[in-house]
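Working notes for the structure below.
Think of it as A, B, C and D in the order they're written, each chain with its own count starting at 1.
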Amino acid sequence: MTDPQLDQPWHVAGREFTSRLLVGTGKYRDLEETAAAVAASGAEIVTFAVRRTNLGQDADAPNLLDAVSPERYTLLPNTAGCYTASDAVRTCKLARELLDGHNLVKLEVLGDDRTLYPNVVETLKAADELVRDGFDVMVYTSDDPIVARELENRGCKAVMPLGSLIGSGHGLLNPASLRLILENATVPVLVDAGIGTASDAALAMEMGCAGVLMNSAIAHARHPVVMAGAMRKAIEAGREAFLAERMPRRAYAQASSPTQGLINE
Amino acid sequence: MTDPQLDQPWHVAGREFTSRLLVGTGKYRDLEETAAAVAASGAEIVTFAVRRTNLGQDADAPNLLDAVSPERYTLLPNTAGCYTASDAVRTCKLARELLDGHNLVKLEVLGDDRTLYPNVVETLKAADELVRDGFDVMVYTSDDPIVARELENRGCKAVMPLGSLIGSGHGLLNPASLRLILENATVPVLVDAGIGTASDAALAMEMGCAGVLMNSAIAHARHPVVMAGAMRKAIEAGREAFLAERMPRRAYAQASSPTQGLINE
Amino acid sequence: MTDPQLDQPWHVAGREFTSRLLVGTGKYRDLEETAAAVAASGAEIVTFAVRRTNLGQDADAPNLLDAVSPERYTLLPNTAGCYTASDAVRTCKLARELLDGHNLVKLEVLGDDRTLYPNVVETLKAADELVRDGFDVMVYTSDDPIVARELENRGCKAVMPLGSLIGSGHGLLNPASLRLILENATVPVLVDAGIGTASDAALAMEMGCAGVLMNSAIAHARHPVVMAGAMRKAIEAGREAFLAERMPRRAYAQASSPTQGLINE
Amino acid sequence: MTDPQLDQPWHVAGREFTSRLLVGTGKYRDLEETAAAVAASGAEIVTFAVRRTNLGQDADAPNLLDAVSPERYTLLPNTAGCYTASDAVRTCKLARELLDGHNLVKLEVLGDDRTLYPNVVETLKAADELVRDGFDVMVYTSDDPIVARELENRGCKAVMPLGSLIGSGHGLLNPASLRLILENATVPVLVDAGIGTASDAALAMEMGCAGVLMNSAIAHARHPVVMAGAMRKAIEAGREAFLAERMPRRAYAQASSPTQGLINE
């Protein structure tokens, strides 16, 4: 048995990517820190909240596009802050307009502003509309495997279940549910929300996720740029461990070799 | 606040190391695979069971030193297979003789051959004797914080608690005990035993361990060389995440920014 | 501070109950074992799958009502085996007919026959119809707090999230999600599915659930009647622990009393 | 297969007991609360710290024996507050004197006053001396299975590993280690320390422990007497669940019955 080739690129909506770490742009001190952290993360896809981000509409305020160049990164406008399907759809259309026809979006429709847990009913409704309207939809959702399958059935290009609540840093609270989603999905599955530190990200990748999206874990670390680099390696480590296929767990220890025939006895 | 400098080297017994991943040499298909995996791991310290390893005593058998050159690696002879203090001490002396006065050893005295759990009473006894005899002792032990402190008091140069049983791949079963050890130790603490996959290794480093020693997790992966590379990155990711200081965990989600004053409304 | 009074009865749909353990009737060897286990459990509410149960339609087969008397127990017909809202609604109507107008039902609409995970979209649809049609609906659902709230908004009388997959025995895989549901609910919340053993049931009650419904944990234990008794006590223990309000968790030990002034020194 | 008989009594040092819940007497508001909680717990064995307890030496202070009558309960003097073998041995001898030759003791030798983690080396030393001196020793220890076996070999009558730190309420932090102890022991194994709430106690019993000793979990609950009753039931529930032999865990759900041949279709 030969070792697998180095990792292959992954694809979503006809686009090809090497990096499996997707990052957000919120919660940083300023755009300079945003730019430095994004660069250190090695991310190729960068997401931003359409409703909270200046892409030039306000000529006097800092413009995200100066920090995160659309030439260098694939921008992923998201619908953070939307609590209904219609709000989310309207927000996606606004993004498409601001970005000259860009149709790759991250859909999120939230259930309340305390937990930011997704509202899956409204999410399904918005996904339907967006797909019909020609958007390529990557979709934030709960860890419900039936909803995940349904989102895929309705034409979403990637399914993005939470690990735990947005901004909570609790990691993967229910790996069993994530596993059910992974077993059934034919589109990329990416963990979106809940990652707190490097081992959380590695674990998601070891389970077979195509990628991980995070924001707070980097932006709210004491040293965001250092954490961005840590996450880059953690994602690669987890991916390679998945490809390497981990050792089986055993109830009891195994000595390194037979205890008979010790050389130096 | 400026970001911390890149990681500093760590020290044990007056020696300086950059890599924080220590690897074993057992359980591989052949010495060629051993050499490839060790190289891919980036390890600087390589451990081997004195009682099971040919360092040239048997001129007709493969010699570990051909695969793992003492010029390139710091060899760490260990006492795997020893169940009493006297056996372990004798084994260390044999190693010193075979390696021309090399006095850095990994002491392990095991409790039984089913669990390979350490016998801490015999370990303390052996540590005493070895320290008196001029050895630099890195010591495999349980996750008992009082025993760990006592081993340090008796002059051990590094304390190496298990994460879970040797060869079990269950990761860190009791992080709370490991934390107690880390809080008190003034010598390096390295997790030795139990690591199963990359996220386990990252987690140990995030907690503040100086390093991690592993063997089965690499050797018993389906693709050992790939896993060795994954572990190298996981250790670095976990170390950098520790230096970056992770975000606090929160009970509830936090939106990326205030929901007032959305730009595009 | 005086101790709380003994536990109060709980209510659902205008009915009052003392026992907080609800049990199923499937998977037993025969109706005699069913009857013995149900009796040992102390349950007052007993659920059965309408589509799999003979209530007398087949005069030649054993009749559940002979084992579980409607005079002694509150029967809770459920829609196990239904994968669409319309199937579930039809099944509830059939139950109402068979049971002479009985309108308390447990709604479950499943997503697939491998996981039996709920289909929350179809569940919401069925709940709407059933409530409009005058049913008192206790509803099996995922651990999604937004869906749980929505089911309550649509008039369900009790919300019954899974602990883990039906029949899996994995206990509460995501207590954090269950806690979100409990924080918001104004109707009784009962864990339905996933309980494997007594401590699982106690844990659900300690979190503040109004009750727990189980079937496999009793029926698939080696000694179902003994397990039924164990579960009865576990539910009471967990409820009383909830009322007693547990000690806070502490990072470090606390000695039983000051170490100064020891009497016998 | 018939159901197992009701639970049998258990034995330690030739004494027979029915209750498997052992309780401490410290940390209560006053002796009246102590007495009420002990009574509600159903405990037959009650432990107290010899060095902190007035058994009549101080005629003007409240006497524990008035609250916990030696006629009704088996007293278990313990060596809490002792940090060396010699202190612990001296304390046991004092207890024997105060209690007219009573020779059943709970040995604990602590490692430091912050964690109250056991010092297993000193504990082994004290156990040796006490056994030689005719004491029946129940011994508090870590979850180290090799030390537990050694304590049994030296003649201890019961082995009492911690679940987590004394007074921490974290429950069983390392069930895998506890399982190793249970697999090897031929004397009763009781969890001593760390229990926080009812489900923790049930879990310990489900694993096959002979009993559980606790103090803070009852005394530091908001309503100690209610918690004492909860613990009584939790211990019985866990014991009965152990005897009933729990259902196997399954990766996937199992429907209650075949989906073919539904009666009402």
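Operating definition for what follows: contacts are C-beta pairs under 8 Å (C-beta built on N, C-alpha and C of every residue); 3 or more make two chains touch, one makes a residue touch a chain.
Heads up on the chains, UniProt names are A, B, C, D = Thiazole synthase.
Predicted, not measured: the structure shown is a model, and the values here were computed from it.
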Chain centres computed over CA atoms; the one at greatest distance from chain C (Thiazole synthase) is chain B
Comparing which residue numbers chain A (Thiazole synthase) and chain B (Thiazole synthase) contribute to their contact, where sharing over half means same and under half means different, the two sides are same
Between the Cα centroids of chain B (Thiazole synthase) and chain D (Thiazole synthase) the separation in whole angstrom comes to 35
Chain A (Thiazole synthase) to chain B (Thiazole synthase), mean C-alpha position gap in Å, rounds to 32
Chain A (Thiazole synthase) to chain D (Thiazole synthase), mean C-alpha position gap in Å, rounds to 47
Residues of chain D (Thiazole synthase) that touch two or more other chains sit at 115, 117, 165, 170
Those chain pairs meeting the touch criterion are A-B, A-C, B-D, C-D
Counting only contacts in the complex, chain B (Thiazole synthase) reaches chain A (Thiazole synthase) at residues 1, 3-4, 24, 26-27, 49-54, 57-58, 80-81, 91, 94, 113-117, 165-170, 193, 196-200, 202-203, 206, 215-217, 220-227, 229-234, 236-241, 243-257, 259, 262-265
In their shared complex, chain A (Thiazole synthase) is touched by residues of chain C (Thiazole synthase) numbered 111-112, 115, 117-121, 124, 142, 144-147, 149-150, 164-165, 170, 173-174, 176-177, 180
